[in-house]
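Structures are listed in the sections that come next.
Both complexes shown next keep chain A, but they swap its partner, so chain B is in the first and chain C is in the second.
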Partner chain A sequence: MKVIARAALLVASSLAAIIVLGPLLWALSTSLKSDNHIFAVPPRWIPDEPTLVHFRRLLAEGVHWSFLNSTIYALGAVAAAVLVGAVAGYALVRYPVFGKRALLVLFMGVMAIPGYALLLPTQIAFVKLGLFDTRLALPILYAAHVMPFAVWMTRAHFAGVPRELEQAALVDGYSRLEAVWKVILPGARPALLSAAAFGFLYSWNDYITATTMLESPDLRTLPVALIFFQGFHGRDWGALMAGVVVATLPPVVLFLVFRRYLIGGFAEGSVKG
Partner chain B sequence: MTVVPIKLAGASARSIEQAARASRRVGTALVGPAVAVIVAVHIVPAFIGFYSSLRRIFFFADEGFVGLSNFSALFSDPITWQAIGRSLAFTFGALALAVPLALLAALAVRELGPRGRLLLTILLVPWAMSPIVVALLWKWILLPSPGGLFASILAVFGIPPVNLLSDPAWAMPTVIAVAVWRTFAFAAIILSAGLGQIPKDLYRAASVDGLSVVERFTKITLPLLAPSILIVLSMLTISYFNEVQVIIGLTSGGPIRSTTTLGYQLYITGFVELDQGRGNAIAVVMFLINLLLIVGYIQLLGGRKGGEA
Partner chain C sequence: MPSPPRLRPGHSARSVRFAGVAKRFGPVTAVADVDLTIEPGQFVTLLGPSGCGKSTTLAMIAGLELPSEGRILIGDRDVTSMPPAERDIAMVFQSYALYPHLTVFENIAFPLRARRRRMSNEDVTRKVRDAAAMLGLDQLLDRVPREISGGQRQRVALGRAMVRTPTVYLLDEPLSNLDQQLRVQMRSELKDLHQRLGATMLYVTHDQGEAMTLSDVIAVMSAGRIEQVGAPRDLYDWPANLFVARFLGEPGMNIFEGEPLDGRLRAAGVSIPLPDTLPDAPDPLCAGIRPEYLAVEPADTAPLLGTVRTVEFLGSRSLVRADIGATLVTAFVSPDIELAPGQPVGLGPSDPCKVRWFNGRTGAAIRAGI
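Up next, the complex of A and B:
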């Protein structure tokens, strides 16, 4: 009975893994096939004569510039969100702050309400402020969307670093900034990494904010560029799947590298919360 | 630790008060930038949205105050009620699929031990992907052509290719399945953490008492996991209710509006047709529904915790 249950568990788990990874491998396989092999019946998982022609096609269309835009926007947003968020998280733990309870509710509430319903008024405001269709639009919005999460994560970790450690560093003649740098930041590393990784995934993977805040082709992010490419060449599945591969590799690699912090961050948050 | 008392030993009451005030100033200054960003990007737009919903705005041109006429036009339009119905179908359909799957995955992850961590990592890969890219990928897989992956799996069972995404009966279930494919494992993180919190002794005692596997699940696992399940339900409800990218990518609300949820209607009205007064009225309605959902779940969660303590 036990052996059967164990076998059933392994079979079910493998099946789940196949359903999850199969589509990704299929996209990779398609992206490496030449056009006359893509629709082969029955389908072949391993391309007969692998080719990079679809990736070259994307380069010819200038998709690498969108890749660069996505990278810059995401990194800028992450840097701003984690820096400003961690400073706020630290202050909320270590300093008396005017209206602290209300601020905590504000950060928490903003995290719960999704940004999508606010996108239309944001667009109107950005048009008025001259931020619409500029390089600053997305980093600002992504940073603001990720920041409450960064505050919340870092605050929980700063609270876990004993105050005595920091005071000992002050007594040893370190300045407050040095004490934070040498004692507090290393202690909060998991929180910083988890906020940064989550922020990158959020920014890199967004489509709806990018497509509603930008118009110029040279400001486009990768997902927006892919949807435009699909609009013009909807049947070019090889190139589209090459785009899917290119758009998927960075976040998936990042997830695999930082999975401990990402999974840990959300698991901890839910157990404590 | 005696560090603080030593430092303050010689200080008069007045200088302590000054120090406290200075420290409060520093604290507020450090939190300030984050609060400013939150207010500028979350609170101000909420007010602009409400204000704009009371005005007639087309193509960014404000034609003046119209009272609640955007709302009355919205609610007297059967299309709105249809979209609300589609939103409910999407949200609760996705929940009904995602939560049991996540629970099964979490149980498997716990049961498998170290290999469970590998399983969780694999299941989470789609969660790291962009929703619109996921939509593009599944469009290719579901392509009703003999060379399509889904069609060739059907062919093994002798079924001819079907176009799920252009069939009014199948489009919604398909969109739901793709959205759940991307997101269910995220819920499994939280459920698996919740399972880890259940004391192992309880299960040992239960098997001594002769409880069956099913009884152990319904009498120990489910009741003790209830707080985690509530967290998962609340996070997923809000995220599915606001899902729009997978719908844009897969069906564009079609066929014959069968996947036009309230969120997609907002996208079309506000961003494509640029009827921004009415679009903001939809946004206000969505915002209020979100608020209701959040308050409702906080009540449920808070009530639970109070009851147990």
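Up next, the complex of A and C:
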């Protein structure tokens, strides 16, 4: 019985792994093949003569600048969203905020609005504000998209922290700010990291907001830049797959480093929220 | 009346004084008009049922709540609206409130590392080791709170309080999360600690056993007011009113309400002789007799006549519950006396001097000619 259960689990996990990893590995394989091997029949997993020609092509096209843009937008958005979100989450737990429940429902509600519905109004607003096609456009929007989640996540955490911990620090000779900094924040690290990781993945993966809010080639994000390899004259599959590989690396690294917080954090948010 | 025992106070110990302190939360009055003085080095317990305002009173000394009215003085400093950090007090919380991400060492060191104290690392280490040695925590300094037992956490919380020799210790039900055996052990450790430190300690509890054994002075609170302040023995022997009489003691004092008539307190099943010294007995009048001062007497002459409800054999004595008129009376009697439920029984005070008298309308005690 136990053996069957284990075998079933193994088969299911393997299937899931193939479904998830297959395309990624295929992209990796393709990115290392020269153009005339990509459509070789029968297809081969391991390239006969691995080549970095497609990665060089990315560099030649300046895709590394887009990579840098994506990174800066995402990090800026995450920093703003987590900082403001955590302060709001703390205040919503510890201070008598007018209309607290309504605010929380509002934060929850806006998470349910599909982003696409807001694209055109936001674009019009940004044009009028002079933010359209500037470096600030995406960090502001990504931070706005991620913030409700950050508020909920941190609020759920702070609500579970006994008030006495802070009071103990006050009595021990610390100011309120010091108490939060030394006692409350260290304990909130999992919640902050999982909010940050979620925010980074969201910002990193976005395509639609980036194409709507930016026009200049030097402001492009990575997903937008890669789309240009699906040109009008047939697709440059090698370069496209090399780009996919590059784009996948940061999330994978992020997950490997923070997976403990990511999994735990999401569970915490779902149980206590 | 014996005065509370006075210890030589420690050098940092200060007095605490409440002058007309009140605390209101919206329309709810948590603490009403408290006047109380705690001498340096005294162990004072605020005792009362839950919700009586004792924890709020403690929080006001700590500065975690601000009084709505009145002043609080520690030593000769008016701390009424001073932030907690500046009051130089230490507090042990019911939940211990240990910092979960810090080791035992860092938990105890935490107050010393506050910027306002500017203490060198060597001094911190020395003081933490001293406190840890005193509490037997030497072996646990590298653990974090979740890796140690409840009793050990309790000691860490005490260590964090002790380490900086505060002017006043505030202890909010610090033993209530421990199991019975550990509680009794920590109780005597706490008493011992108080004597060694000579510190002013203010203790909050609803457990009268703790209050009785630990305190120099007990302040009994009810509904935001202090009902009586005094040494444990005085409170037990001479309750100032019916609340204290019923609240103190396990079980509390038996109270008989009736009218004074022809030199006796009379009610259904009750006929207790009034002492000659009781001047102009009020009507209604209440007599109070502790369970241990009730004895079984022949039914035809007994001042109290009723029916046995239950008998609990406790080994050295038996606890008898009997209905006398409308009153359920408890009495400790010799286990040799055979009583059965439903049986009529006569009871009376074993010593007339141990009967206490109260004004039935105001509840205040009447000190008959003493």
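We take it that the second predicted complex is superposed on the first by the 255 of 273 C-alpha atoms of A that agree within 3 Å, B and C clash if a C-alpha of one lies under 4 Å from a C-alpha of the other, contacts with A are read in each partner's own complex, and residues count from 1 in each chain.
Quick note on the criterion: contacts are C-beta pairs under 8 Å (C-beta built on N, C-alpha and C of every residue); 3 or more make two chains touch, one makes a residue touch a chain.
Because the structure is a prediction, the values reported are computed rather than measured.
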Q. Touch check for A:L226: first (chain B), second (chain C), both, or neither?
A. first
Q.
On the A-aligned overlay, A:V110 touches which partner chain: chain B = first, chain C = second, or both, or neither?
A. first
Q: Based on the superposed arrangement, let me know which partner A:P186 touches: chain B (first), chain C (second), both, or neither?
A: second
Q: With the two complexes superposed on chain A, say which partner A:I124 touches: chain B (first), chain C (second), both, or neither.
A: first
(Q) Is A:V252 touching anything from chain B or chain C once the two structures are fitted on A? First, second, both or neither. (A) first
Q. After lining up the shared chain so the two structures overlap, which partner does A:Y142 touch, if you call chain B first and chain C second: first, second, both or neither?
A. neither
Q) Is A:Q167 in contact with chain B, with chain C, with both, or with neither (first, second, both, neither)? A) both
Q. Is the number of chain A residues in contact higher for chain B or for chain C?
A. B
Q. Between chain B (first) and chain C (second), which does A:F158 come into contact with in this model arrangement: first, second, both, or neither?
A. neither
**Q.** Overlap of chain C and chain B interfaces on chain A (superposed complexes)
**A.** 164, 167-168, 170-171
**Q.** Residue ranges of chain B in contact with chain A within the complex
**A.** 1, 3-4, 20, 23-24, 26-28, 30-31, 33-35, 37-38, 40-42, 44-49, 52, 57, 60, 104-105, 108, 111-112, 119-133, 136-138, 140-141, 143, 145-149, 152, 155, 181, 185-186, 189-190, 192-194, 197, 228, 231, 238-239, 242, 244-245, 248-249, 263, 266-267, 270-271, 276, 279-280, 283-284, 286-287, 290-291, 294
Q. What residues of chain A sit close enough to touch chain C in their complex?
A. 162, 164-165, 167-175, 178, 183, 186-187
Q) Which residues of chain A touch chain B in their complex? A) 9, 12-13, 16-17, 19-24, 26-27, 30, 38-43, 84-85, 87-88, 90-92, 94-98, 103, 106-107, 109-110, 112-125, 127, 140-141, 143-145, 147-148, 151, 164, 167-168, 170-171, 201, 204-208, 211-212, 223, 226-227, 230, 237, 240-241, 243-244, 247-248, 251-252, 254-256, 259, 263, 266-268, 270-271, 273
Q | Complex contact set, residues of chain C against chain A | A | 62-64, 83-85, 87, 89-91, 93-95, 97, 99-101, 110-111, 114-117, 160, 164, 170
